[in-house]
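Reviewing the structure listed below.
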Amino acid sequence: MGALSIRDVRKSYQGTEILKGINLEIEKGELLILVGPSGCGKSTLLSMIAGLDTVTSGEIRIGDRVVNNLSPKDRDIAMVFQSYALYPSMTVRENISFGLEIRKVGKAEQQKIVERVAHTLQIGHLLDRKPSQLSGGQRQRVAMGRAIARDPSLFLFDEPLSNLDAKLRVEMRVEIKQLHQRMGTTIVYVTHDQIEAMTLGDKIAVMKAGEVQQFGTPQQIYDNPANLFVAGFMGSPSMNFIPARVEAMGSGHGVRLESGANTYVFPAVSANGKLKSWEGKEVVFGIRPEQITHKVESGLVGEHMATATMPISLTEPTGPDTLVLVPVNGREVTCRVHPAHARAPGENMDLMFDLSKAVYFDPASELRIA
Amino acid sequence: MDLTAQRVTLTGGDGAGAEAKPRLADRIDAWLPKIVLAPTFVCALVFIYGYILWTAVLSVTPSRMLPKYEFAGLVQYEALFANERWWLALKNLALFGGTFVLVCLAVGLLLAILLDQKIRGEGFIRSIYLYPMALSFIVTGTAWRWILNPELGIERLLHDWGFENARFDWLIDPEMSIYTVVVAAVWQSSGFVMALFLAGLRGIDDSIIKAAQVDGASMPTIYRRIIIPSLRPVFFSSFMILTHIAVKSFDLVMALTNGGPGFASDVPATFMYSFAFTRNQIGLGAASAMMMLMIVVAVIVPFMYSELRRPRHG
Amino acid sequence: MAELFQTRNTGHTIGRVIVYGLLVLVCFYYLMPLFVMVTTSLKSLDEIRAGNLLSLPQDPNLDAWGKAWSSACTGVQCEGLAGFFWNSVSFVVPAVLISTLIGAVNGYVLTMWRFRGSDLLFGLLMIGCFIPFQVVLLPMARTLGAMGIANSTAGLVFVHVVYGLAFTTLFFRNYYVTIPDELVKAAKIDGAGFWLIFRRIILPLSAPIIVVSIIWQFTQVWNDFLFGVVFSSGERQPITVALNNLVNTSTGVKEYNVDMAAAIIAALPTLFVYVVAGKYFVRGLTAGAVKG
Amino acid sequence: AELEVLHWWTAGGEAKSAAELKKILESKGHKWKDFAVAGGGGENAMTVLKSRVVSGNPPAAAQIKGPSIGEWGAEGVLSNLDAVAKAGGWDGLLPPVVAKVMKHDGHYVAVPVNVHRVNWMWVNPEVFKKAGAEIPKTWDEFPVAAEKIQKAGFVPVAHGGQPWQDFTVFESIALGVGGTDFYRKALVELDQATLKGPAMEKVFTTFASVRKYVDKDSSNRVWNQATGMIINGKAAMQFMGDWAKGEFSSAGKVPGKDYVCVAAPGSAEAFTFNIDSLVMFEQSSGDVRKGQQDLANAVMSPAFQEVFNLNKGSIPARMNMNLDKFDDCAKLSARDFEAASKRGTLVPSIAHQMAVSAATAGAMQDVVTQFFNSPSMKPKDAVEKLARAALTK
Amino acid sequence: MGALSIRDVRKSYQGTEILKGINLEIEKGELLILVGPSGCGKSTLLSMIAGLDTVTSGEIRIGDRVVNNLSPKDRDIAMVFQSYALYPSMTVRENISFGLEIRKVGKAEQQKIVERVAHTLQIGHLLDRKPSQLSGGQRQRVAMGRAIARDPSLFLFDEPLSNLDAKLRVEMRVEIKQLHQRMGTTIVYVTHDQIEAMTLGDKIAVMKAGEVQQFGTPQQIYDNPANLFVAGFMGSPSMNFIPARVEAMGSGHGVRLESGANTYVFPAVSANGKLKSWEGKEVVFGIRPEQITHKVESGLVGEHMATATMPISLTEPTGPDTLVLVPVNGREVTCRVHPAHARAPGENMDLMFDLSKAVYFDPASELRIA
């Protein structure tokens, strides 16, 4: 029995189905990430878990109770909202203790909890301010403080970091992760930032249009995406998708790539023969930017490594790495190379493709072939 | 935009570039906002503050029927403070203003909350609550005078229905007549306040309510602790508008009780009017007007100041 | 929005009943005066004397309405309210339009073209709207006389515009602060000037608040009595003054039905405006007029 | 020319009378521009008039009376009617008391339209008969009659709660209880000693006793509604000026039969007058000035005086008129007017702004109305207050 | 003479100085990035370049004209706002052509320009929609379209991407870069996202509290930060700052690091002897996460490579890489390792430090020592 289990949950608004049968289950202490593009139903699902929205059909369990008909206050949950939803007329202290007060926790006890929470989140000096006097990051902390003060059995986070700037987001991400590890609480966390999803999640559910596309650990999802959508959605910069024709190659198969004046056929080492039926047809060859790097001299090149020389159309130095765009089969393909090795646009560059993690999709159904 | 700052420039060392001078058209453009606001400013200066000054001047003259500009010291104020009727008018203003503003806020808020419960036919009901605002105080006064009149109105209705001992004679009771003004004024203005609150409620971030629900608060608690406190700006606007109505309430009193019985429901506005215009004591009227203004300023300005100074919250 | 009574609970239905009950009850309070006025205007004098306040007219007829409109006496003249009705229209329309327009421009300047002292100016204007109108009658009369527009429609329009400005400015200012500054900045960079930005960018966004301002001003000006009686004369008097005369003019018996019919006639335009535009009114308030 | 006439003749028979004036004026080729401002016994009208004068745009003529005429005259805004008066021989036509009111600084600036008697008591004889009561001739008899009427289930005194109505009753009591000299000393000359004297206390005591006989709904009733109570037999007596007669006439009632007019108790010898008059304001247009002269002439013409007063219930201001068409009440009034004039018992009504300045009258009226509306107030205190109010300038 | 030069520009609001003497200069066709934390004055500076705000003192030149006194419309600039500031009452077409119309461009010409711009930005199908009917990315394109329609000599961008979600932001970033390369316009671009700054800029000005901290190319700023602030601000995840004592080491110096039970002294190979005077004192040792990786077996280890074994306290798998946090001298130090090599929290891991790019700061003045 998991800490949270969602069974065939559906939701309709005025006849249109927003959620089309969701099944998810997590254990106590796990952090479940819901990712997906805007409008895919993440917030709706979270609302239903919280009891703020009714379930059209299906069943939601928290611990071993079916909570479909419980009101939010009886579900033993806490929630952090994207807009933080701090009570504007209350001070930080009151915001944090409001839930306790409602639950008739004694004054002294409230005081103690607030102090503890404030200490954990380092917002002790802010306790007597109003939300309007706080910066974005501080508000975020207070919203979190409000949630952890009650020590519920389930936390719900609805894009808690999306209103912060990039720098702060990274910091808060680490803080949330540490908090989670320290407190061992069960968390459902909505985001549409894949980095957050990857770094924070124990499990990730990738959603699209009211359906779960794939449910698994971050590494499963990253390395073995179930379909084109998941592959493209997770990872930044995105996986490169290159339409390519499958050709027989030795005992197995390969994909044919053209770039500049050159043509290469790369062996589909990771396909385990599944491309057989696609011989002569076009598939989508997917390879992540970090799997295309500058050529190293040493003897690392194995069977799964292919080299090619390609003309550079654009470079993007991000600092630690430089992203290089090269045209392959008419697409701009992003490669992640070491800044010191990057060539300038217009020049050719020797690139090395790590094919061990390349994936292949059916262009029509967009499902993974191999 | 600060115009004087515009001309301060460091003249470039190499002098390679020609410094562009602001053109006439640009200067006019820069002045345009001020020019546009000028008529309003002048109007306010002349037609509000000029007239207040004029009234202040009159209040220290012995003017009777028409203005007369001779200095007479503070005799008018002495006369005013010695006048029982003035004190009664002030008391009435306090009673009326206080009850009216409070009841209107309470009724307006309550109705807004009720109407905000996804009510079927909301538009229709809202129109009903709002329509009295469309009527002039003259009409309101006439209608309510009828309804509150013991001979014709509710009391008689109750008698006709068999409640022989029912009494509802505030209109002719000197102690209570000021409250009939409250009844009619609330009837007229509470719908507007309701509309303001409704608008305020619609502007509240939904997620705050959800957060409070998750925090375990019941809906009444949420209203009491979260929603109503965050309607503070609406309270402020409503308060300003209602005070404005209360202080200036003249037509309604005239039409409903005509200050009566006797002068039991006199308010400063009717007091001022009758002294300045009927009794040929313009000086005294001016003095009372000044007092009225001072009271308003004493009540409104600190409130407005404190309210507008506080940082806006979302 | 939030529901006082949560769904699913058993308290739900009871709660709804209470809510609707209260709402309907309050409706009676609001409707009673109108009901009394309308039924009375449809009754005959005898019936009024005999019957009670809330009884329905036995033999409803529009005689009183006809009389109030075209033949009731307002002083020496007995031509009903018809003429005065159009008098009111003739000055209310320009007064409302002008004050709304100026209010819009003021609000625009006070939010998008702030300069040092503009907030102070606004504050002064706000406090100014608390001035009791009785105070301004005499000096205003003299001013109008000096301007040569005493007792003319122009004069009346002028007075209403001047004293309506504080509120229209307030409405527009509070609405415009919710419009992002960037719009104006973008237009400036696009090369548009003060008026062009107003006309092309700001005004098209102002519909909700224009409605609020027009409704507010329309009721204020239409319903005004004091300025109307003092700054107009004779056959140019507005309908409120005529109504007052009509109600106070009686030859022998007091014709309550005519009085009531006249009162309703005098209130019809504003009622109409509220009923037709009420929806936009609340919407407009939501859009921005409420914020402190 | 177009003559704008500001007036508040809108209630009862007044409106008809004003229409007569309009007719006469129009017959002389002028246009009457009606400027009626109803309500509040002319309060609104005075406001309007003031702002019109201040704006330099006064109406051609306005309804102003009593000491106010002098006050307006002092402002130098009234036009001199001496020429018309001379041509019309007004000095000979008007009783000196009346003429005096019409003049400022010895010059005619106003033209009287009528003379109202204020100290009337209007009686429904039917009610008295049913109650078996006698019409009181003195204030001592009054409670006896009133008591009987009340027992019989009628309202003894029809009254409206407007301050000026309270004051009207009060002045009639003052006249009836204290006599003419007392009245003149106290309410016209404002002699402090008299005001504070025991007679005044008695007046208040009597006034207080009237309160008992007024029905509770009186507040907010206007005077003609009160008259209506006499007409339809709900009430027995009303203390009101003779404009009330217009209401009786409109209702088709006949004096002496359906209703009776008698002087208020104890004041048969005296006559409190209330004279309506028109003043002419200085105008720039010659045409209008000509019109004003014509208007003044018209007002003084026997034809107008007759027809106007027939409607209004008052008597003509000019003497030596043929009163054949007038009813008995008017005839009695006219007789008493001349007699009182000779006897020296003709006094101005304070309640109707004929005796003292508006400010003083207003202050005193406040005391009277406050007294009438607060049963707990002692007559003694009221006397004190009244005396103090009389000092108002 | 540059395309834009800013000389000692200052700005005060009511006595408080917001900008404290800014000096910047860029050439035609360059893209200048202004970065810095919130409130540092980036928007203010941009407003002053646009002419929307007056200059308190100093001089701004566009081309060879001093524009201090010119109104925005005469400066020949275009601007893209963070909130896009599309005119809500106009269609996309009208939004784009408004500026042309005001400049009295003929109808036919306007039409042509709109078509061209729409084509460039692929918003042809949106021309008749209102802004409210567009998605965030589409609005952003329209805002850009409005700017390029007028073909000004200078573009100003105020955080044009910060309202977009992470995925879209990456895409739009590439598009802007390509647009800039294609059109060769001069651009001033405000952001507080360092990745954007690094990838887009020809020059970067890092600002803090109204002052330019450093002005240079992205690589200069990344590799040679002038002070602690710049070093910490640029790069994501942030550079690690470790307080460390300087010790004599052979002919040079080294910094002493403690982690878990071990103590290491790393040679300050990049310091060129500048640490001499700091011997025995504490400095801030700065090293970027990507310079701490898993240990590779091959013989790559040179003088500038140091190895150490450290206990892991937290791991953050971002997909392409895994971030590993280890405690060093009491700080949590972030290392970027290959996912396959990352150990779990609690375990020890062999790490390799690339010291060739390490930097050293004075802890008091926060200035770079070496």
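First chain written, first letter: the chains are A, B, C, D and E, and each begins at residue 1.
We take it that a contact is a pair of C-beta atoms (placed from the backbone, for glycine too) under 8 Å apart; a residue touches a chain by one contact, two chains touch by 3 or more.
Which protein is which chain? UniProt says A, E = Sn-glycerol-3-phosphate ABC transporter ATP-binding protein UgpC; B, C = ABC transporter permease subunit.
None of these values were measured; they are calculated from a predicted model.
Distance from the centre of subunit A peaks at D, each centre being the average of the chain's Cα atoms. When chain pairs are compared by contacting C-beta pairs, B-C ranks highest. Note on chain placement: the centre of subunit A and the centre of subunit C lie 56 Å apart, centres being C-alpha means. Chain geometry summary: the mean Cα position of subunit B and that of subunit E are 53 Å apart. Inter-chain centre distance (subunit B to subunit D, centres taken as mean C-alpha positions): 40 Å.
Looking at subunit A, one finds that residues 71 touch two or more other chains.
Annotation for subunit D: residues touching 2 or more other chains are 47, 50, 54.
Shown for subunit C are the residues in touch with two or more other chains, namely 6, 137-138, 140, 193, 244, 247. Touching subunit E in their complex are the following residues of subunit A: 38, 135, 162, 165-167, 170, 173-174, 177-178, 181, 192-195, 198-200, 218-219, 222, 233-238, 288-290, 298-300, 314, 316-321, 323, 325, 336, 339, 345. Only residues 47, 50-52, 71-73, 77-79, 81-83, 85-90, 98-99, 102-103, 130-133, 146, 150, 156 of subunit A touch subunit B when the two sit together in their complex. Every residue of subunit D that touches subunit C in the complex is listed here, in rising order: 4, 7, 9-13, 15-16, 18-19, 22, 32-39, 44, 47-48, 50-52, 54-57, 59, 224-225, 228, 247, 250-251. Those residues of subunit D that touch subunit B in the complex are listed here as 40, 42-43, 46-47, 50, 53-54, 68, 71-72, 75, 161-163, 166, 216-220, 357-359, 361-363, 366, 369-370, 372-374, 392. Listing the residues of subunit C that touch subunit B in their complex gives 1-6, 16, 19-20, 22-23, 26-27, 29-34, 36-37, 40, 52-54, 102, 105-106, 109-110, 113-116, 118, 121, 123-140, 143, 162-163, 165-166, 169, 193-195, 219, 222-226, 240, 243-244, 247, 256, 259-260, 263-264, 266-267, 270-271, 273-275, 278-279, 281-282, 285-286, 289-292.
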